[in-house]
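The two complexes that follow have chain A in common; it is paired with chain B in the first and with chain C in the second.
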Partner chain A sequence: MATNAGTTGQLRRRERTWGVVFVTPIAFQVLLFTLIPVLIAIVAGFTNWNSIRGTHDFIGFANFAEFLGDKYFWIAAGNTVYMLIPIPFYLFFGILFALGSHRGTPGSTMFRVLFLLPYVSSIVALVVLWKWIFNYQYGLVNQTLALFGIQGPDWLGDPAWIKTTIVLMIIWKMVGITSIYILAALKNIPGVYYEAARLDGASPVRAFFHITLPLLTPSIFFLTIVGIIGSLQTFVEVQLFTDDGGRNYSAATITYYIWQKAFGAGDLGLASAAAFFFALLILGATLVQFRLSRRWVYEGD
Partner chain B sequence: MATNRTAARRTGTAIAFTLMFLGGLTMLLPFVWMVSTSLKEPSLVFQSPPQWIPDPVEWSNYVKVWDVAPLASGLKNSLIVTVLVVVVGTFSSTMAAFAFAKLDFPHKRAIFVALLATIMIPVVVLIIPQFLLFLKAGWIDTLLPLIAPGLLGNVTMIFFLRQYMLGLATELLEAAKVDGAGFFRIYWSIFMPLCRPAIAANVVIVFMATWNDYLGPLIFTNSPENSTVQLVIASMSAYYAEQTDYPIMMAASVIAVVPVIVLFTIAQRYFVDSFSFSGIKG
Partner chain C sequence: MKRRTLAVALVGAAAILLSSCSGAPSKADDHTITFMGWGSDEEIATFNTMISQYEEKYPGVTVDYVTVPAGDFATKLQTMITSNQTPDVFYLQPEKVMPYADAGLLADLSDFVDNNDLFDPSNVWASAIDMYRFDGATPGRGAVYGLPKDIGPFALAYNKDLFDAAGITAPTADAPWTWDEYVTAAKQLTTGNGADKVYGTGNYSLESAVWSNGADWLNPDHTTVTVTDPAFVDALQWVADLNLVEGVTPSPGEESAQVDYDRFVNGKLGMMGIGPWNQGGLWADADFQWDIMPWPVSPKTGDEAIWYGGIGFAVSNSSAYSEDASNLAAFLAFNEDAQRTNIEKGQAIPNLIDMANDEYLTSDKPPANKAEFIRIIEDYGRRATQTYTYNSDWFTLFNTNVASVWNGEQTAAQYTASIQEEMQQMLDDGIAEQQK
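What follows is the complex of A and B.
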């Protein structure tokens, strides 16, 4: 009995040791490349740190006053909110495609591969391709429109159109992966629910709105949260589609604004302050989402 | 009644197929255009109406492209970064996932929640201080900033694999412990094989994310010989767009997307099943 307790204790100690050993790499990564940087960013936000001028003094909240008073920051903020537009569209098309796949439409596996092509391709290649397809004069889109006598817009150069072009590309890229998550959720819905609904004489449309859709809400919520956090950080598309944020700063987002301040103007203090402020906004938006989710997300029995 | 139902079902399938076909076409056609342009003579890309099938087929673009940009060294750098991050990182991530799912150690929950919380931190907050740290370490304009963090694991992968492992029976672990198997052996010989489908899906995702990464190379490297393939193509497109040599740009883009598309097509069957987690367990 005594030896038995001894080995159990020894086993438990070994388990603890191995547990700590196994999580050490990722703990180091988060400490070195996330937590320490966050601390540096917070402190830097209160300095006039500039890599070109070489200044490095505490200046209190002056950085916050500076970017909040900058007209370009607010243009960027507006454009950042605009980048939320793709989310309902790719959710809608993603759900539609998942439903089609789930009912065993012929060719589903092949279509699934096609739908994921844009998602797995690099954003650089996609933007290079879109710049060509949406070229004002010679692009495939405007040339095809011309066949029908329609003069297509200047998708990339016109400040009124560049954001739309980026939004279209993000929808195109995200439909496939959205449908994969929804399809996984559809497969988890027990078939007996539909069986029972059918016996009660419910139409397929009724079954969709009373069984399928409510049971999909947790997945839709997850995709919405991840989508909002991602969309608010749109940067690479803007950097690749435009040379300088677009004519009249028409496509620049907050992340673009911060990147330009830090790596263009060397204004590391100001950029850190804006980044910290932006992180709090994203956190706020996420918390609001969680609060609102109680009204529409199905939480199980 | 029954025939009505069958007829309705058939109509439904026809509508679903048509919609999915149109959707699939929307996804595919830009890529077809990319390949088509890459096989054209530069002067023929401006033809109206658009020609889908190049005539003559100009394979020489795929020869020329290697000389006009450091594409070969870009591919080599991308391969070095991606292989190291995928192989070593998968090892680190699966070990952590195993520990979080199946082992008991102090502050396990708190550490896990802290890891997850870091996903929420916007990248833009981290890149400035990371740049400064890498500058201090003398790592700027080397591949190290792109490799080192990834070797230690990937929080998203740990999250998904932990979910997957939670679904595996704990009896396996208890039985192995009674038999006197070491914890590393339990992880390596029992849980790794059981998680193969989930690991495959996550490996593809990490491969894609690393191979396709543009932000990291953009911030942390600058000389052409240390560029990854994405950076090579981005700077090439800035130059060749002015020259309106679209075939050469499309050829380079095709070369950059082929590795991930091939890998993904092979592994795609693992995707749906591995994402079938329901909510957040545990």
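What follows is the complex of A and C.
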């Protein structure tokens, strides 16, 4: 007994040592590249840190007052909320596609690969591609519309259309990865549930709404959380599709605003303050979602 | 065994991570200076050759040449400045001279310009060096904070074949076209429909129109936004009407679909503004005769006007080896071989006046009327208005939203009236920022 306990204790200790060894590098990484920079950014938000002028004096809440009083910040905030629009669409199409390919429809593997391509491709390449697809005169979209006698809009230059273009692109980019997640979740649903339902005389539609959908809710919840955070951080599309955030700042998002302040104007203090504020908003939104999730996410009995 | 190997690897990785934080030791005599810029592959190759020559000439100095994509340059430079890693020599745009010099980031090269053995300042275009002068209040005067990489006069190019076919003779320097003559010619050149559509002219330079009409974005002190001045409004409307009323230039949508340069080399555009940096491309792409001509003038004043731009080499004020850095900047700016390469590749006009006269003007490659470029540099060209202000937000704002005039949603008068106040606010903010 005694020797046994001793061996177990030794084993435990050894395991713990190895655990620490394994965790150390990533802990360092988190500390050096996440926690410390975040702390610096929070502190910087209360200073007039400017990379060109080299100033860094504490100025209290002046930065917060400045961006909250800046109409461009609010335009950017409105545009950022707009970027949430794609989420229900790609969730819907993603689920639809997952259901379709789950049944082993011929060619579904090929479609899976094709649908995933946009997600694994470089966003820069995608934007270049889309610039051509949505080219006012020679683009695929407007050429197709022209066949029906419709003059398509200036998708990239017109402030009324640029956000729509970005939304379409996000949907297109995200459908594939969404369907892969949902597909994985579908494969995890035990077949016995469906057998039992069929024996009880449930129609396939009923089985979908009472078995499939509830069991998919954890995945849908995850995708919603990740999707909202991703949408709120939309940046590259704006930077590459437009000059200076588009006419009347029509495409600029908060992330773009922060980037412009930090690297256009060198105003790191103001940018840090806006980033801190924005991070709090995202955190708040995520907490609210977790709260609401209790009502609709199935977590087992 | 496996686990031990892994542990060793991890510890090793951590050690590398930590050691990379401390700088490598350097010998006292031999030292390295950093030069940061951007450029095409060709340009980078030219710079690498020049840098080897520099290192041969100044033994003991090694140049670390860092290239960054043009779009990332400002971000990278700012990050380096923030972390006190400012490159010893770096590219500097004329509009950055004022904020950077004001912040004490740039070395004053005035003494170096007057006393150096690499170049004779009187043999360099005065306007090219003046772009990097700043006396603490007004850009363009006082101490020199940069040496020119090049000076880029913006000229009006035309497709000679299209001109000949339409029976049009291009104007000469002593008798430039008026705006009316220009529109008449552009109308004659505009033909066809759909894919065969040929437009008389590409985007007209708004600077040229505004300045030639006797107006400007700002007053002479650069403290008041003057875009509501009737002379400004008329010039802006005239440029917009080239598409909206006359139909001689592509609409904004068509322009976004195919840029002027592509239209021009496809023979679908009669006239287009170009800089010396376009020459090489046109040699390769244009299978027709082309040349450059003077910019048309406002009938109201008859004054010629257009902008010239450029990029400079600045030396960091915090450079530990400012003499070597200054020498490198001068070497890159005025090295004869490199200047000659610029002529051969059609990338730039030589910074050295004698070389421009002896080798550039006498070269038999197009444009035939190279003297027009020189006339812009020496005679009627101006630096852009936004290079006179501490920040150019007011100008960016104007430019981003002026599209509503180009596509006819607003008249020039409506637009300038609606935007003037906000531009003034931004200009005031910049002035206040500088005076802090």
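Going forward, the second predicted complex is superposed on the first by the 293 of 301 C-alpha atoms of A that agree within 3 Å, B and C clash if a C-alpha of one lies under 4 Å from a C-alpha of the other, contacts with A are read in each partner's own complex, and residues count from 1 in each chain.
Assume contacts are C-beta pairs under 8 Å (C-beta built on N, C-alpha and C of every residue); 3 or more make two chains touch, one makes a residue touch a chain.
Fair warning: this is a prediction, and the values are worked out from it, not measured in the lab.
In the overlay built on the shared chain, the residue A:T178 is in contact with neither chain B nor chain C.
Contacts of A:F28 after superposition on the shared chain: both chain B and chain C are touched. Once the two complexes are overlaid on the shared chain, A:D154 sits against chain C while remaining clear of chain B.
In the superposition on chain A, contact is made by A:F263 with both chain B and chain C. Residue contacts after overlaying the shared chain place A:R16 against chain B, while chain C stays out of touching range.
In the superposed model, A:S231 lies in contact with neither chain B nor chain C. In the superposed pair of complexes, A:T165 makes contact with neither chain B nor chain C.
When the shared chain is aligned, chain C comes close enough to touch A:R247, but chain B does not. More residues of chain A are touched by B (comparison of chain B with chain C).
Of the two partner chains, chain B is the only one touched by A:G100; chain C is not. 18, 22, 25, 28, 137-138, 263, 268 are the residues of chain A that lie in the contact sets of both chain B and chain C, per the superposition on chain A. For chain A in complex with chain C, the residues that touch the partner chain are 18, 21-22, 24-25, 28, 51-54, 135-139, 154, 156-157, 243-249, 263-266, 268.
Interface residues of chain C facing chain A in the complex, by the touch rule stated above, are 3, 7, 10, 13-14, 17, 74-75, 78-79, 81-82, 99-100, 102-105, 252-254, 256-258, 391, 393, 396, 399-401, 403-404, 436. Chain B contributes residues 12-13, 16-17, 19-21, 23-24, 26-28, 30-31, 33-34, 37, 45-46, 48-50, 92-93, 95-96, 98-100, 103-106, 108, 111, 114-115, 118, 120-133, 149, 151-153, 155, 158, 177, 183-184, 187, 208, 211-212, 214-215, 218-219, 230-231, 233-234, 237, 241, 246, 249-250, 253, 256-257, 260-261, 264-265, 268, 271-273, 275-279 to its touches with chain A in the complex. The touching residues of chain A, when paired with chain B in their complex, are 11-12, 14-20, 22-23, 25-30, 32-38, 40-41, 44, 93, 96-97, 99-101, 103, 105-118, 120-125, 127-133, 137-138, 140, 143-144, 146-147, 172, 175-176, 180-181, 183-185, 187-188, 218, 229, 232-233, 235-236, 239-240, 254-255, 258-259, 262-263, 268, 271-272, 275-276, 278-279, 282-283, 286, 300.
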